[in-house]
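Right, one structure below, let's go through it.
Labels A, B and C are assigned to the chains in the order they are written; within every chain, residues are numbered from 1.
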Amino acid sequence: MHAAMNETALTARQIAERIGGRVEGDPSVRIEGIAPLDTAGPTDLTFAADEKRAARLAACKAGAAIVGAAPASAPMTLIRVDDVQLAVVKYLEILAGPEDVPPRGVDRTAVIASDAEIAADVAIGPFVVIGPGAKVGSGSVLCAGVRIGAAVEIGRHAVCHEGVVIKRACTIGDRVRIGPNSVIGHDGFGYHLVDGVHRKVPHVGIVVIEDDVEIGACSCVDRAKFGETRIGAGTKIDNLVQIAHNVQTGRGCVFAGQAGIAGSARLGDYVVLGGHAGVRDNVALGDGVQVAAFGAVAGDVPDGEAVGGIPARRAPEQKRVVLSVAKLPELFKRVKELEAKVRALESAKDNS
Amino acid sequence: MHAAMNETALTARQIAERIGGRVEGDPSVRIEGIAPLDTAGPTDLTFAADEKRAARLAACKAGAAIVGAAPASAPMTLIRVDDVQLAVVKYLEILAGPEDVPPRGVDRTAVIASDAEIAADVAIGPFVVIGPGAKVGSGSVLCAGVRIGAAVEIGRHAVCHEGVVIKRACTIGDRVRIGPNSVIGHDGFGYHLVDGVHRKVPHVGIVVIEDDVEIGACSCVDRAKFGETRIGAGTKIDNLVQIAHNVQTGRGCVFAGQAGIAGSARLGDYVVLGGHAGVRDNVALGDGVQVAAFGAVAGDVPDGEAVGGIPARRAPEQKRVVLSVAKLPELFKRVKELEAKVRALESAKDNS
Amino acid sequence: MHAAMNETALTARQIAERIGGRVEGDPSVRIEGIAPLDTAGPTDLTFAADEKRAARLAACKAGAAIVGAAPASAPMTLIRVDDVQLAVVKYLEILAGPEDVPPRGVDRTAVIASDAEIAADVAIGPFVVIGPGAKVGSGSVLCAGVRIGAAVEIGRHAVCHEGVVIKRACTIGDRVRIGPNSVIGHDGFGYHLVDGVHRKVPHVGIVVIEDDVEIGACSCVDRAKFGETRIGAGTKIDNLVQIAHNVQTGRGCVFAGQAGIAGSARLGDYVVLGGHAGVRDNVALGDGVQVAAFGAVAGDVPDGEAVGGIPARRAPEQKRVVLSVAKLPELFKRVKELEAKVRALESAKDNS
């Protein structure tokens, strides 16, 4: 069974050439798609990234397999590579074909301010709205229903998927990708309570999304109170993620689904947040910090540290805490027994 | 006070006939809406699903009440049924009237690819976009601003509410309902780190939403890396829920608001996730598994088990842990006292 | 370095007049924007809300600073006020300039039902859809792509940002602001399981958003099963927040990002929910209750109480629990030592 969206029949030799591998076995086997070890059939490519999976190739029906050092042999054609995952990514790039985005040109239904600067080779879909003074760079794509605010600047080869909203004066870098219905640059959440009334704090700052950032669907990045909310180059953000006003992230961060970062938190490079994780406002996380899923970071974390738990602690400590908590009902019993024994000892002493 | 959106005056007899109940008392009382025990007035229907609530009918001003076995009598007309909740649902179905969706036909502003196959009796609202090769089945409804990607297939009598985005080649079953601004089939969250750069993993798979699934507002179901992300028939998904690439769910599952399921997790039939609950990637949950609100499932769970906590444990164990944790400060005191007593005993022994 | 979105050059004297402060030092210094203590330059205003920050003014390069009682003096012009935060808000209001919304009038692309009642001085952007019988009050703004359902009533000077969806018969008060892609009035999440099938509970109630409420981006407020879901006047709701059917909130509540409130919960006035916090269905929270970030409220909470944790406990108790949990691995050691000592004592006693 093959399961690729976009089938592209290639021989094992052609695939090996394009993903950078060496063929062992029949190079002419015809491959149409990719499938996991347990469901792959004769026209499928499969892959085994470690020895445990490589051992399963013996019983696999795939026409060819991408492998690393192991196994020595297998019943199908092998494409041997140094980095199996990278080779799989390269094969998926072959399968992927063109994106599901509007064709080059500007749809006749788009509403574009007369002074917006739109590069010649963009793709702008139906019902897109572009505000006064906005700029859209060469090769960028705005899918149906995207709304670009006044004075927004979008770089080159960026893609805004359907329903994305970018508010005034925000800056989007080159090759940035923003998923459907995400919102960039809405007001931060700030109020000042005066006589029982929450007075709105105007947010006059902007959002800067640096080059090569990718943001998923239904995620939000709020504009700064003043200055900038900044997402560092190459950072990847999943769906339903909340990034509050004035947050600063470094390069290459990874934020999983439903993570949230509160106002003015500062994150270093390559920080990873697991799903549902949270970072308190004004906290600083160093380079390479990793926060486990459901971790709630309430204080600064130095470079390279892994943390988890609510509130988040260093990972080895949190592991001990979790193990201890699980044995807690047992500990109560042990203390109760100790209390009885101590009473007995005390009573024996008193009677001696 | 009645509070129905869509008032429909009926006598108690007419209601009893339509919801399948027996009238006790005046069958001619005129009912216009439904209200809870404490606010219902003479033209309202109310209901009492258990004995405790039935006892409150004596002081209730409702014109009529849906009841089960209890009470024996009450001051208003009673409509006696076997399943009170089901009877209430049936009465709400009477009140509900037509949906707030576009009329049958295709709005003149919709942009539909010339080769899309649209059944004759659909309802397509303003500013809908339908891509090349897409199919929309008989009786289906696309509300204003829905964006259907290339080669998407939508079954019969499905409803996509305003702003829904469905990306390329995904399949939507019969009678599926998708809430406003939800996103189906955006790329999964996958990157391969090479030399400090997160290289995007192309997602060439699709999403399959089986028949009778309902999805709320602002929820996301990501497309598979390859193969399918699949939501089993009759599954119900609330608002702001995240379902990652390659997740497989069984039939009749229920996922409450802000729950999240990470990549390639496999869920059986009738799995229930509470609000804010999470499931780790690649984990398998058996049929009928129930995860409490805020539960974080980090490992496989067998059929029928209820779990909760972070990380999730079996419910009875988690209950003991929560109780133990609450008494933990007290335990510290008890241990401190024990230490003092043991020191005293040791000291007594040394001095004896 | 100044960082304001919308520069407005004013002298310190002009600023002091408009924000209600007294100038100390050169009143003619020209200010163009606002910046924090560490980055402010000669044309920036900065501010110091407490003594600790006031002490940092000595080394700050700002042209002027908003201060309270402290410091006695500083190297730049001072604007002395009673409430520093409020003065900053007032200055941000000066900087903010006009909003990024459509101009007054109705865009030619909007689709408006013939019997909708639209006040003369509204601003309705491109691709807005307004259903039959809807009303939009004086001075209100509907940004691009907003979808207003049948019989919805919107008050005066309300703003619905891009992509907002409001479903049938919901009521939106005066000066309400709803952020991009939020959804008001979609069906609540309710099903009745009959013979293995989840039968949909029709939601015939509505949502009432009272005056001066603000809602962020991608948040959801579900319509009532019957009756109303009601958001009290002046309540502020952040991004990605879920409010379920029949929830009732008081006045002036504040719900941070990714918080969730389950069905029929009742909240008093000025309730605060931290980020990722949750409230169980049917629970009642008194006036002024504060729930910490990631807190999961599972039972009623009386007026004025602060709670936190999963499940949520009173804040002082939760603080003790968190401290105790952190010391739990150490407690296990202490108990183990006690057990050894008690065994030794018992053994000594047996041998005596």
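We adopt the following convention: a residue touches a chain if its C-beta (ideal position, glycine included) is under 8 Å from a C-beta of that chain, and two chains touch if they have at least 3 such contacts.
As the structure is a computational prediction, the values presented were derived from the model and not from experiment.
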Given subunit A and subunit B, the chains that contact each of them: C
Same vs different contact residues, subunit A with subunit C, by half of numbers used: different
Separation of mean Cα positions, subunit C and subunit A [Å, integer]: 25
Multi-chain contact residues (two or more partners), subunit B: 109, 127, 145, 163, 181, 218, 240, 258, 276, 310, 325, 328, 331, 335, 338, 342, 345
Residue ranges of subunit B in contact with subunit C within the complex: 3-6, 33-36, 39, 83, 85-86, 88-89, 92-93, 95-96, 100, 107, 109, 125-127, 143-145, 161-163, 179-181, 212, 214, 216-218, 234, 236, 238-240, 252, 254, 256-258, 275-276, 293-294, 309-310, 322, 325-326, 328-329, 331-332, 335, 338-339, 342, 345-346, 349
List of subunit C residues in touch with subunit B within their complex: 109, 111, 127, 129, 131, 145, 147, 149-150, 163, 165, 167-169, 181-183, 186-187, 189, 191-192, 194, 196-206, 218-220, 222-228, 240, 242, 244, 258, 260, 262, 276, 278, 280, 296, 310-311, 313, 317, 320-321, 324-325, 327-328, 331, 334-335, 338, 341-342, 345, 348
